[in-house]
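Next up is a structure, given as structure tokens.
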Amino acid sequence: MATSGTTLPNAGPVTGSRSFLSRLRDGDEIARLITMVFAASVVLITLLLVYELWTGSALARAKFGLHFFVTQVWDPVLDQYGALPFMYGTLVTSAVALLIAVPLGIGAAIFLAELAPPRISDTLQFFIDLLAAVPSVIYGLLGVFIIVPLMRTVIFPGLNKPLGFMPFFKGPSYGVGFLTAGIVLAIMVIPYIISVSREVLLSVPRDQREAALSLGSTRWESTWKVVVPFAKTGILGSIFLALARALGETMAVTMVIGNTPTISASLFSPGDSIASVIANQFTEATGDLYLQALVELGLVLFLMTFILNGLARILIVVTTQRGSGVPT
Amino acid sequence: MQASSKPGLSVNIVTNTGTATHGETASLPMRMTISKVDFYYGSKQILFDINMGIADKRVTALIGPSGCGKSTLLRALNRMHETVHTSRLEGEIQLDGQNILAQDVTTLRRRVGMVFQRPNPFPKSIFDNVAYGLRINGIKGSISEMVEKSLRRAALWEEVKDHLHKSAYELSGGQQQRLCIARALAVEPEVLLLDEPCSALDPISTAKIEELLVELKNLTTIAIVTHNMQQAARVSDFTAFVLTGQMIEFSATPQLFTTPSDPRTEAYITGRFG
Amino acid sequence: MTARVKWRRFVSNFMLTLTGVCALVSVSVLFFILGYLVFNGGTSINWAFFTQLPKPVGEAGGGMANAIVGSAKLLMAASLFGVPIGFLGGIYLSEFSGSAVASVVRYAADLLNGVPSIVIGIFAYSVVVLPFKHFSTLAGAFALGLMMIPITLRSTEEFLNGVPRYLREGAMALGASKWKTIASVVVPAAYRGILTAILLALARVAGETAPLLFTAFGNRYWSQGWGQPTASLPVMIFTYAVSPYEDWHRQAWAAGLVLLGLILIINILARTILSRGIAVPRS
């Protein structure tokens, strides 16, 4: 769609294209250049971001190397930094979040795509979209004042009494911790799983469902054994997307996770996540190494979400394309 | 028991035990009977007072121009119309003397199978596609034997026997459609409905499937919707001509194509419209 | 009906009901959130909240006037930075560029969109705070503006692409140059979708806290001009919620209600504009 230069009767050399200056007089060329500069700036900004993350963590990378990922110690006083407790916290809270959000989200998506009449499905999806618009700090607010007390009074006793023998459910509980953060994260990522899964399920061709029904399947059988498997790649993509969101979540997590760099099998233990520790300690970081260690954590987070988002995109595109035509 | 004849219809004698006669044709049992059926999508009426029968172990073809309602009629026979909320059926459709609308729909659909216009195999292996119906219905016995039997009946076994665990999507269009036929046959339906099964296929695949249908009628009763008159003439024993939701003529195929009683039928089969 | 079929039908009805429960639970969360905010924060929304500055630590009362103004300034500046880049960049992708360049720009935008907001904060810190050696409204606006770029860019491109060829050709056949066609015909045809996208982008960054933590930072007083640290609603909510003071908790709820109310209104507005009728059908 690039514009081609038109030759004016008396502009430029006879043999070839117009000179730059004469093209500049043409309004189209100016428009093209201006918009190109803005488009290019997007690319430049992104490159700059990666560059800043890389150089801003240089000291820490040089000093700790790969040990950064396996060291448990995070001690600003001794200037020793290791990412392990934060990676652990990030992964555990995200895992808990997915364990809760995936069944709920896929179940809801199935209802919206297969069962609900179109008007109701669209209305409910509208509310789900609004839920996705609620900012992290509001979830944090509810987490602190509603879920943390709930954890102390209802959830912890409820799980600890029967299941306390398992390392996951050992006490004590202060209300904050991995499980609390996981629950809050689950609520935050459910809308993503629902929206994407619902779209993917709706794109499954009608005759798949009809073929299953015509063989004597019940509605559930046709949904669970034919429609959902047909869409499973896209649904997986929605899970990756949700995971990417959960990994980068900062405010809600930092308000309910406990902010202590601990690695513990117990879900009730307080801990910390990558995003959370950056949020808490960045402005208090004294000394270059401290700050650069935090930037390196930011780099790690960036890479994790980058890979997940890329995978998610591929999976979702593949499914919605497949729905539009079975290859013969 | 009801016997009725209507002006404009060539054959219309429908009984519970099912016999249909037309002129000198010997009487044949009807597997399914359709009486006084009206069909609506919301407030729009699609089918008007349909009366006909599907003869046992024979091929019955439904022909007519696009949009005349023949697919709608076919889909009513296994209650697939119920997947659309606004659809409404009035009248009676019987399978072996029992009203299908009063039965459990899951059981009915096992007894009346369907093959669709475009091949629609599941995203599973060839084997699992055919085995699907067997598994959900909990049919006892050796699944592999039954899968082989169905694939042979659909004239597909030789081509896929070494590739049973490959994805169904690796087959060509014609093969996929035969796979869908095998899948439908696996649960041993009493009636097999085919909705323009060859319209998405090339001529060679079409010919293979037509051959198949003629053989299959010994196994199961067949009803086929087609907009290809030559196909109807080649393959079927009885033909029903449907026009704008009305059954214009229903009789033995040779009769309908050589000496149609209604002028509209004649106009259609001589290609004056359609 | 055999026993087996009866069982299968029972399972079917049970599981499908369960999915309905999942949907109900998910949707009701929204109403729980609103309910709690109204219940806990509704009574604290008064004139003082909107007009007074925060009182010193420990004293009851006061308001969040500086945070409200601060957020307004941040959003305004962020839009001035992010929207033109996204909009004009989108025009380039849709009207001028070749497909190879377009894919690269789109990829960069998607990448930027997926960056966690705290990392955006780190980036803004390195680029705006460090060189000037202090926190500022500008730094915060830069971070938020960055987050508005990808949505604006992709939506502009998408909606412009959706404008049918015959509209463009009609203008060009009358002698309009390409940029005149774009400005007078194509963009107006797509304006609804683009406006919606900008509103949605605004709603998204209005609630962002993390990128402000080390760019705009915070301020107990009015922030003068653009070069000083400034209070903002989201950061205030965070600070007050994790504090040990009851009165601050109460104010946090009120601020949460105001913030969420604003965001939801923008969202509903944006979606209504879009559904009212897109000026031209999307391709």
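When the chains are written out, they are named A, B and C in that same order, and each has its own residue count from 1.
We adopt the following convention: a contact is a pair of C-beta atoms (placed from the backbone, for glycine too) under 8 Å apart; a residue touches a chain by one contact, two chains touch by 3 or more.
If you're wondering where the values come from, they're calculated on a predicted model, not measured in any experiment.
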Which chain is most central here if centres come from C-alpha coordinates alone?
A
Does A-C or B-C have more contacting C-beta pairs?
A-C
Suppose each chain is reduced to the average of its Cα coordinates; what separation in Å results between subunit A and subunit B?
49
Chain-centre distance (mean CA atoms) for subunit A and subunit C, in whole Å, is 16
CA centre of subunit B versus CA centre of subunit C: separation in Å?
55
Provide the list of subunit A residues touching at least two other chains, using ranges where the numbers run on.
218, 221
The positions of subunit C in contact with two or more other chains are 8-9
Residues in subunit B with touches to at least two other chains are numbered 106-107, 136-137
Residues of subunit B defined as touching subunit A within the complex:
78, 80, 83, 85, 106-110, 113-114, 116-124, 132-133, 136-137, 169, 171-173, 176, 180, 183-184, 187
Which residues, counting only subunit B, touch subunit C once they are in their complex?
104, 106-107, 136-138
Footprint of subunit B on subunit A - complex, ascending:
117, 205, 207-218, 221, 225-226, 229-230, 326-328
Seen from subunit C, its contact residues with subunit A in the complex are 8-9, 11-13, 15-16, 18-23, 25-27, 29-30, 33, 36-37, 40, 84-86, 88-89, 91-93, 95-98, 101, 104-105, 108-112, 114-123, 125-127, 146, 149-150, 153, 177-180, 182, 203-204, 206-210, 213-214, 217, 234, 237-238, 241-242, 249, 252-253, 256, 259-260, 263-264, 267-268, 271
Within their complex, state which residues of subunit A touch subunit C.
1-3, 26-28, 30-32, 34-36, 38-43, 45-49, 52-53, 56, 103-105, 107-108, 110-112, 114-116, 124, 126-131, 133-138, 140-142, 144-146, 187, 190-191, 194, 218-221, 223-224, 244, 247-251, 255, 275, 278-279, 282-283, 294-295, 298, 301-302, 305-306, 309, 313
